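Please find the structures below.
Both of the next two complexes hold chain A, though its partner changes from chain B to chain C.
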Partner chain A sequence: MDVHRSYRLQASTVEAVRGVTMQVDSGDFLAISGSSGSGKSTLLHLLGGLDTPTRGEVFLAGARVRDLGDRQLARHRLLNVGFVFQRFHLLSMLSARENVELPLSEAGVGRRERRERAAHLLERVGLARRANHRPGELSGGERQRVAVARALANEPHVLLADEPTGELDRANSEAILELFASLNEEGLALVVATHDMHLAEGARRRLELIDGRLDG
Partner chain B sequence: MLWRFSYRELLGHPLRSSLVVLGVSVATAMMISMLMLGAGIGRSFAELLVARGYTLRVSPRGTLPLETRATLSDIELLSLDLLGQAEVAGVAPALAANLLLRPTAGVASADPQGSRVFALGIDPDEQGVYRLVDGQAPRGVGEVVIGSELASEGFDVGDGMKLDRPGDFASPASGDDYEIVGVAQFVYTSKGERPIAMRLDDLQALTLRADAASFLMIRLHPGIDPTAAAERLRTMFPQAEIASVAELVARAEARLSYFRQMALVLGAVSLFVAVLLVGTLMSVSINDRYGSIAALRAIGFSRQSLVTAFASEGLVLCVVAGFLGLGLGLMVAGYLDSVLSDFPGLPLAVEFFVLEPGDLGTGYLTLVLAGLLATLVPAWRAASLDIAKTLHREEP
Partner chain C sequence: MRLRALFPFRLPSLVGSAAVLVGPLVAPSAYAADVTPESECPADLELLVERSFAEEAGLRVGERVHLGSQPDKVGCPATVAGIYEPKADPSKLTAELPRVILHLPHLARLLDRVGEADRFAIRTWPGTDEEALRRSLAAQLTGAQVVHTDEVIGRASTTFEVVRRFHRAIGLITLTAGGAFLACIMILKIQERRTPIAAMRLLGTSRRTLVGWLVLEAALVSAFGGALGVAIGQLASAIINRYYQWTYDTALVFSIVTPEIVFRALGLAVLLGLAAGAIATLRLLSVHPLEEAGR
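Take a look at the complex of A and B:
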């Protein structure tokens, strides 16, 4: 609600997000579009509890972000929010299956259940056969699908994706959009920051950020 | 799960990890060696002095045993007086002198005039300067036992040898004849010395020092405190220097304080180098992974989980390197000990580097804990990074 986020950049102050008020409900599929530097990533970080607003309030599942300590916020992100990044950020030393198991192990899920859930999620994103491959042995599209599987590991309420198709070709972007659409149909809320018009058009709702302000 | 990421990160950079393990091993070896040196001299010296149970030493006033050529006089009377004291169980006089060993038939000699030997005159029934390994003690007039050095030159039990006072170069044929009756291991022999032992009165006669001794060794009855006994005997015999082994060790340690300080400084520097190496590697390694760390924090990993994972990396490095360093340290200490034992005038039995499991354990644990602390700083810094800012930087 009326969220502002500014940064000090040398002598000047950059207003990345200016007075944004918005709500994400369960089952939403929201695309936030805008040009580079318009504040999309900052807004996504604020929504996911990675950043705190300079002014205004962000509520996550009813809790005010400002009131949560680092440990509580981390727990909240672990269990309720899934993150997908443009550059995947998979751990190169671990296999696809192990990458998917990571959030499960942090949540305290036992080894056997971790393995079963990771196998199921990799099958869900069409990578069952690539489970033991390391990220370096996968294509960009496959890596992003592993990242989506990792984001879904703890069955979050919302999946936040920052330019998820930014590093992918047309065919892989299409595959990611289809995956997102099917996840949304299953009830998962998605917020996607993108300047990929094709991906934005696939969402149920579209918001455009211009210089940190919501347009329309 | 995260520990797997950490360990594979170490294994994934084999050259970097190996170099650090090697560096920390060398630093550990230095630290362990210095620890052994610092503690070793005193312990080894004490063990040497209490050899064969003689816990007090009597030497000429103002000197330490064998420190000077000064001798105690009227030692027969002095020995009897000492034996008359309630706490004294035995008195072993010893006279030390350099003698000239004249060329002997059947044994090669580099110098036609003869060569030096270090002679000790002792009471064969009350002595603490050698352990007999072959033959018998020199109980008869004209009998000697020789050290392994002369035995290795070809002398053996039953052979004869001609001994003379040094400086008496009148004739290579001069000197008195002695018979070798035993081979012994001498306690206080220095590198290059060729020790022999004979009856005290024999050596006194040969060196023209009647009723004299370089020092006396005193054996106390069981249960008597040597330091208290030394203090009491000092008041009764003010003409002599009487000291317990503990007091002699303290004096020796005071003289060797340079070694201890050097060992302490070098040990501390080695530990510091090891900590710097681990800290530097972990800083570089963690800095390389800022993007992954920010992503892990974003997907819900707590600071504690990440710090634990990174700390375990540092711990593995220190445990492995410390273990290698222990072995290397023992090898270095052994080599340096052999070099330092060549110091002239030092008994061969004195060891500079003494292996004490407790000290090694302390050194090892200190290294591991210091390495762990060195890891915690970059680990906590990384775990506390601004997630949003780091992701902004990492993403295009």
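Take a look at the complex of A and C:
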């Protein structure tokens, strides 16, 4: 609600997000588009509680982000929000399965259940046979699908994706869009910040950011 | 209490300029006009010869030699009763003079110093009140200095104590430098992974988990390094000992890796690892994960 976020860059202040008010409901599939530097990623980070607004309030799964301490916020994110990054950010020393198990382990899920859920999620994204491969042995599209599986590990309320197809070719981008659409059909809320018009067009709702303000 | 019958002497040091003539070193009989009369020689004169000297002089057990204190005289006939390996003693390491062991009365007679002794050692039975004995002897032996062996060892070991402290200082400096190096390595190693670590923070991994994980990893790396260092130290020690034992023909142990050293080295390595890991991790976690992962 009326969220602002500004940064100090040396002597000047950059207003990345200016007075944005929006809501993401369960089952939503929202695409935030805009030119580079328009504030898409910052807005996504604010929505996910990765960043705190300079002014205004963000509510995440019923909790006001400002009221949560560092540990509480980390736990809240872990259980309620799934993130997919443009550069995947998988741990290179872990296998695909172990990467997916990581948030489950952090959430205190037992070893056996972790294994089962990781296996199920990798199957869900079509990578059951690549479970024991490390990220370095996977293609870009496969890595991003592992990242999606990891984001879904704790059955979050919403999946936030920042330029998820930014490093992928057309075919892999299409596969990710199909995966998102399928997840959304299952009731998962998705918010995607993207330059990719094809991906944006696949969303149910589109918002455009221009200089940190919502347009339309 | 009993008087120690066998007493190691370095004869020249006892009798000043007198020489020890042993077996092959004795002058040929043609020149032996001046022979020590048998009446002046101790009966059944026998001696023990230090192994290295025996090898050098070609002496064997049972061999007959002449033993005397004057170079221009053929000494008393004696039998090599045995060959002994001297106790490893660093202070005798570079001593060049050979050593033999004689019965004290024989030695005194050979040197014509019966009833005299510069020094002698007393071995006591277990349970003897050594301090009371020392006081008693000091009171009875006017002008004599009665000292406990530990004190003698202490005096003789002063140089080695200084060397030991010097080595300890070098070790400490090395470990400190190693610790600083380790801290730098850990910082670099953790910095290398700042992006995935930032991603884990963004995904909800708590700082506590990350600190525990990274610090534990640093401690394990250090412990492994410490163990490797100890293994290298053991190997180097073995090589050094072999080399110097061969060079000086001694059983002296020059380098020892004791359990205490191992314990200290590993303990210090783990502590340094924990500190290095903590510094590197806290440094990393002080930056917002979005800065590390890229906004």
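Operating definition for what follows: the second predicted complex is superposed on the first by the 216 of 216 C-alpha atoms of A that agree within 3 Å, B and C clash if a C-alpha of one lies under 4 Å from a C-alpha of the other, contacts with A are read in each partner's own complex, and residues count from 1 in each chain.
Note that in this section contacts are C-beta pairs under 8 Å (C-beta built on N, C-alpha and C of every residue); 3 or more make two chains touch, one makes a residue touch a chain.
Keep in mind that what you see is a predicted model, and the values were worked out from it rather than measured.
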| item | value |
| --- | --- |
| Fit or clash between chain C and chain B when superposed on chain A | clash |
| Chain B versus chain C as contact partner of A:E98, first or second or both or neither | first |
| Chain B versus chain C as contact partner of A:G166, first or second or both or neither | first |
| First (chain B), second (chain C), both or neither touched by A:R150 | both |
| Partner chain in contact with A:D51 - chain B first, chain C second, else both or neither | both |
| Partner chain(s) touched by A:E106 [first = chain B, second = chain C, both, neither] | both |
| Partner chain in contact with A:R129 - chain B first, chain C second, else both or neither | neither |
| Residue contacts with chain A in the superposition, chain B compared against chain C | B |
| Partner chain in contact with A:H89 - chain B first, chain C second, else both or neither | both |
| Touched partner set for A:L79, first chain B, second chain C, both or neither | both |
| Chain B and chain C contact sites that coincide on chain A, given as residue numbers | 41-42, 45, 50-51, 70-71, 74-79, 81, 83, 85, 87, 89, 91-92, 102-103, 106, 150-151 |
| Residue ranges of chain C touching chain A (in the complex, touch as defined) | 195-196, 198-209, 289-290, 293-295 |
| Contact set on chain A toward chain B in their complex | 41-42, 45, 48, 50-51, 70-71, 74-79, 81-83, 85-87, 89, 91-94, 98, 101-107, 114, 150-151, 154, 162-163, 166 |
| Chain C-touching residues of chain A, taken from the complex the two chains share | 41-42, 45, 50-51, 70-71, 74-79, 81, 83, 85, 87, 89-92, 102-103, 106, 150-151 |
| Parts of chain B lying in touch with chain A, wherever the complex brings them together | 1-2, 4-5, 8-9, 12, 291-292, 294-305, 387-388, 391-392, 394-396 |
